[in-house]
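Both complexes shown next keep subunit A, but they swap its partner, so subunit B is in the first and subunit C is in the second.
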Partner chain A sequence: MKALSQFRITQFRKSMSEQPWELWTRQIGTIIRMDLRKNFFSRRGVWIYLLAFAPVALTGLHAAFMLTGHAHDSMEADTAVLAGIFQFFYLRLAIFFGCLGIFTWLFRGEIIERSLHYYFLAPVRREVLLLGKFLGGLLTASSLFAAGFFLTFFLIYWPHGPAGQFFVFHGPGLGQLGAYLGVTVLACIGYGAVFLALSLLLRNPIIPAVIVLGWETFSPVLPSLVQRASVTYYLKQLCPVPIPADGFLALFTVVSEPVSTVAAVLGPIVLAAVVLFFATRIARKLEISYVAE
Partner chain B sequence: MTTPIPNSGDRVTFENVSKFYGDVLGVNRVNLSLPPGVTSLVGPNGSGKTTLMNLMTGLIRPTEGRIGILGLSPDEPEELFRRVGYCTQFDSFPKGVTGYSFVFNMLKLHGIDNREAHRLTWEALERVGLTEAAERKVAGYSKGMRQRIRLAQAISHHPSVLVLDEPLNGLDPMARAESLELFQGLGKQGLHVIVSSHILHEVDKVSDQVVLMSSGYVVAEGQIHSVRTEVKEHPMQILVRCSDPNLLASRVFAQDHVVEAKLSDDGKGVLVRTRDADRFYLLLNQLVVNDNLNLETVAPTDDDVNSVYQYLIGSENKTI
Partner chain C sequence: MAVYKRSYRAYEGSTTPERRRFLVLSRYAFFGLFDSRPFTAFFVLCFVPFLLAFATIYISHSPSVKLLLGMQFQGPNPLAINNYFFAFFLGAQSWLGFLLITWCGPQLIAADLANSALPLILSRPISRTEYVIGKLTVVATLLTAIMLLPTLILFFLQAGLEGHGWLWSNLWMAGSIIVASIMWIAVVGLIALASSAWLKWRVAASALMLAIFFVGPGLATAVNLTLDTNWGHIFDLGYAVKVIWMGMFRVPFETMHRLRIAELSLPAAWMVVIGFCAASLLLLNRRLKAREVVRG
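Here is the complex of A and B:
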């Protein structure tokens, strides 16, 4: 029995080492490069920039008031405000809809612009294509929202002067920033995989958006085992600053049965891996039929 | 009754292939085995030419049957598209690309390094005459230029099988002639060049074999002369220019396989319509030997794609 499993492991390792990893890496690199240009510089993506940087405008205004002496908020209050901006605006709204816009367009956009066949006519496995496009979308979404949140963070603590600097560089500030940025990337991984898969199944992104939004919003009232299929279930508990649970808002902030940090980090990644695995199955069967679009 | 086709390593094969779009027929029970050389797919709009090409390249999947491209399945893109180039009819491109970046990026998808991709890109652009427009955005190209840049992309990686869907559309006469010369040259090098076109007389010049299609069925396939010979209900027309047309006309009239013989307008030739070309050529030999007939030219006048097309399909589809 042990010999058999040893044999299988050896076979698996041999098979893995025989795969053209270098070629796949180069192909994925090319797909990412091509997609980044499209994602960042397309006019239809302007609203995603607005979503990512909207809080920057507000916190910039707030910073201006603070610096001119028109506002005198405490650092604790501003830290709570930042936590609220992240959990309610970024996590539940901006990243969610931003990922919807970016990831559903990865394949659907190519179909609408009638250019998907060029990828299908290249010597690229559909799995490699899907992964390349996913990573392109992930880089786009993560960098946009991370940049937006980073600027928001800076504008929150900058007006506090030396106290703000001390909080960031010698207090919990940098750790919190790292945690927020990590959650941003995990959110993009989770939502991105779900929206990419749904875009391969359904033509209209509004339908998957409503379904996922409903699921993410109301899954906290479901049994904890079911909640684990939700992206926000894991991410809420990774947010560094808890938001006071008052009344109806508790639905969005309280985690009924928290898991360990490692499990919370791995949760969205595993969820994304499972969803992407099924997406590759769909992608393999995808046919070019632009007439129907 | 269908005959199984061996999945030969140097051929493009279709084994009992059917494709239905819901209830709509794309192609039905197609059996083909295409050797290297230039093969023309000929048929009216909706006859299934593009469906056949899309099936060949895995853009769509057959409802039934098997397809083999040099022994490879269209389900193996990694291997297949190193050996296949497809210039589709879709007149669309990734947004914002220049002619150069379009070809270059597609080559990079092959996993080719930058220097080699750069070299192959310029080589392909040169072959289609687009080097000067290489850095311009494809969106600003004329229809003919867009056609040529797609052709450049399809040939850039030196495929063994080149599939071209209406590659002459939008090209000016000069570019057409150059493209046809290119296809013929590639065919002579031993490549499979599979072309669909509406411009029959031009395709006819370069085709080694034809596949005639109508309503999703393959009506006839093979070398055009063989296909023409099989069309028994339409007697073959042969124009013979010789030293004594009257003698020739009187002799051929006596033959039971000759349907018609008439003197040409200039009186120097005879246009013969015969049900048995082989017997006619035998007779011609006898006349040369026995009656000292001097032949200037002997030319079949309806032994081309256009005529065969008209005989086999033209009656049901007047236009293509």
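Here is the complex of A and C:
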């Protein structure tokens, strides 16, 4: 029995080593480059910039008030403000809608522009195409939202002068920035995989997206075990500054047992891997119908 | 008949009267919408809250049913049918209506633009205004069926069961229901048409509608937190609508304060709603032209 399993492992290793990894890597690189050009430099993508950089304008205004002496916020208050901006604006809405736009457009956009058949006619495996497009979308979403948050972070602490510098470079500031940026990337991975799969499955993924939004919003009031099926459950625990539940929903919020940091990091990644696996199965059978769109 | 024998002959059938021509567009739009089974199913599902509310009103007036269900309350009656009840019901129906319009609204104009059909439609004896009214009629009819009519039916049911001059002393509420519904129809309808006109891909148009109502509160929170103000609510259309509705349904200021709906004044809330409607009309006006510029 042991010999059989050993034989199977050897066979698997041999089969894996015989795959054209170098070719696939090059193809993925090419697809990513093409997608990055489309995502970053098209007029269609302007709204994502607005979404990612809207808080930068606000914190810029706040910084101007601080520097001119019209506002005197303490470091603690500004840290709470930054946590609020991240959790209420970026995590729950901006990244959600940004990923909805970016990842559903990856394949549906090619169908709308009647160009998906060029990809399908090229000697590229569908799985490679899907992975390349996903990584292209992920790079776009992560870099835009991370850049937006980085500037917001900078503009929050910069007006505090030396105290702000000390907080960032000798206090918890830099660690918090790292945690926020990590959560941003994880959110893009989780939401991106879900929306990419939905766009392959349905012509109009808006209603499922509304259901996902409702699920992510109202999951805190559900039993602890059910909460684990939402992306925000893991990401909220990774946020360095917790925000207490507030408002009407706070009455019904179920406080669940926190998971370990490793589990919280792996949660969205495993979810994305599972969803992408199913997405590759759908992509293999995908047929183009430009008329139906 | 041989082709060369075919010659032009004017249409001799009956024509639609000029005043009702915009309804032709609405009629075809309805055919298109109700062709979809999921849409029809969702439309029917939108009436489930109505049935529940109907049952609630009936139960609240039936001592025998209350006795049968063992509903004997000490203190204030939780089944009291008052302005809060109608405001809550209208609010629930408005969100269902919003989801329905988010689904179907964007395809109303986007399909015409994507298939270059707009110049063809506007070359008929139909004006741009009539075109917009025709499309808006679809949204208005759907929302009236989901929001306005059920709420009015519930209102008159309550009036009938309560008796003792309840109708006359609460007639203002009927007015509130009508005005609140018309306002919601105007807001949702105009935003749906504007997003549909500017984004040819209906998924993007639906996403834009969702973003206006969901990203708005997030942006408002960010503004309020960062600048330590309450004026961030001007970006939150849903909040402004809530403030106006609470005023219409005569919800006391203390309750509004407790529910955190008193952070924007009533005139400011009206300005927000009017601003969004005006911007939508402006966008529609810019986009809907009886010509098309083809580049490249």
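Note that the second predicted complex is superposed on the first by the 281 of 293 C-alpha atoms of A that agree within 3 Å, B and C clash if a C-alpha of one lies under 4 Å from a C-alpha of the other, contacts with A are read in each partner's own complex, and residues count from 1 in each chain.
We take it that contacts are C-beta pairs under 8 Å (C-beta built on N, C-alpha and C of every residue); 3 or more make two chains touch, one makes a residue touch a chain.
This one's a predicted model, so the numbers in the text were calculated from it and none came from an experiment.
Bringing the complexes onto one copy of subunit A puts subunit B beside subunit C with no clash. In the superposition on chain A, contact is made by A:Ser289 with subunit B only, not with subunit C. Contacts of A:Phe88 after superposition: subunit C is touched, whereas subunit B is not reached.
Of the two partner chains placed by the overlay, only subunit C lies in contact with A:Ala54; subunit B stays clear of it. In the superposed pair of complexes, A:Leu100 makes contact with subunit C only, with no contact to subunit B.
Once chain A of one complex is fitted onto chain A of the other, the partner contacts of A:Ala209 are limited to subunit C, with no touch recorded for subunit B.
Taking every C-alpha of subunit B against every C-alpha of subunit C after the fit on chain A, the minimum distance is 5 Å. Residue ranges on subunit A touching subunit C, taken from their complex, read 51, 54-55, 58-59, 61-62, 65, 71, 73, 81, 84-85, 88-89, 92-94, 97, 100-101, 104-105, 108, 112, 204-207, 209-210, 213, 247-248. Looking at the complex, you find that subunit C touches subunit A at residues 99, 102-103, 200-204, 206-207, 210-211, 214-215, 217-219, 221-223, 225-228, 259-260. Residues of subunit A touching subunit B in their complex: 20, 23, 26-27, 30-31, 34, 37-38, 41-42, 110, 113-115, 117-126, 285, 287-290. Residues 21, 54, 57-61, 77-82, 84-86, 88, 90, 92-96, 105-106, 108-111, 153 of subunit B are the ones touching subunit A in the complex.
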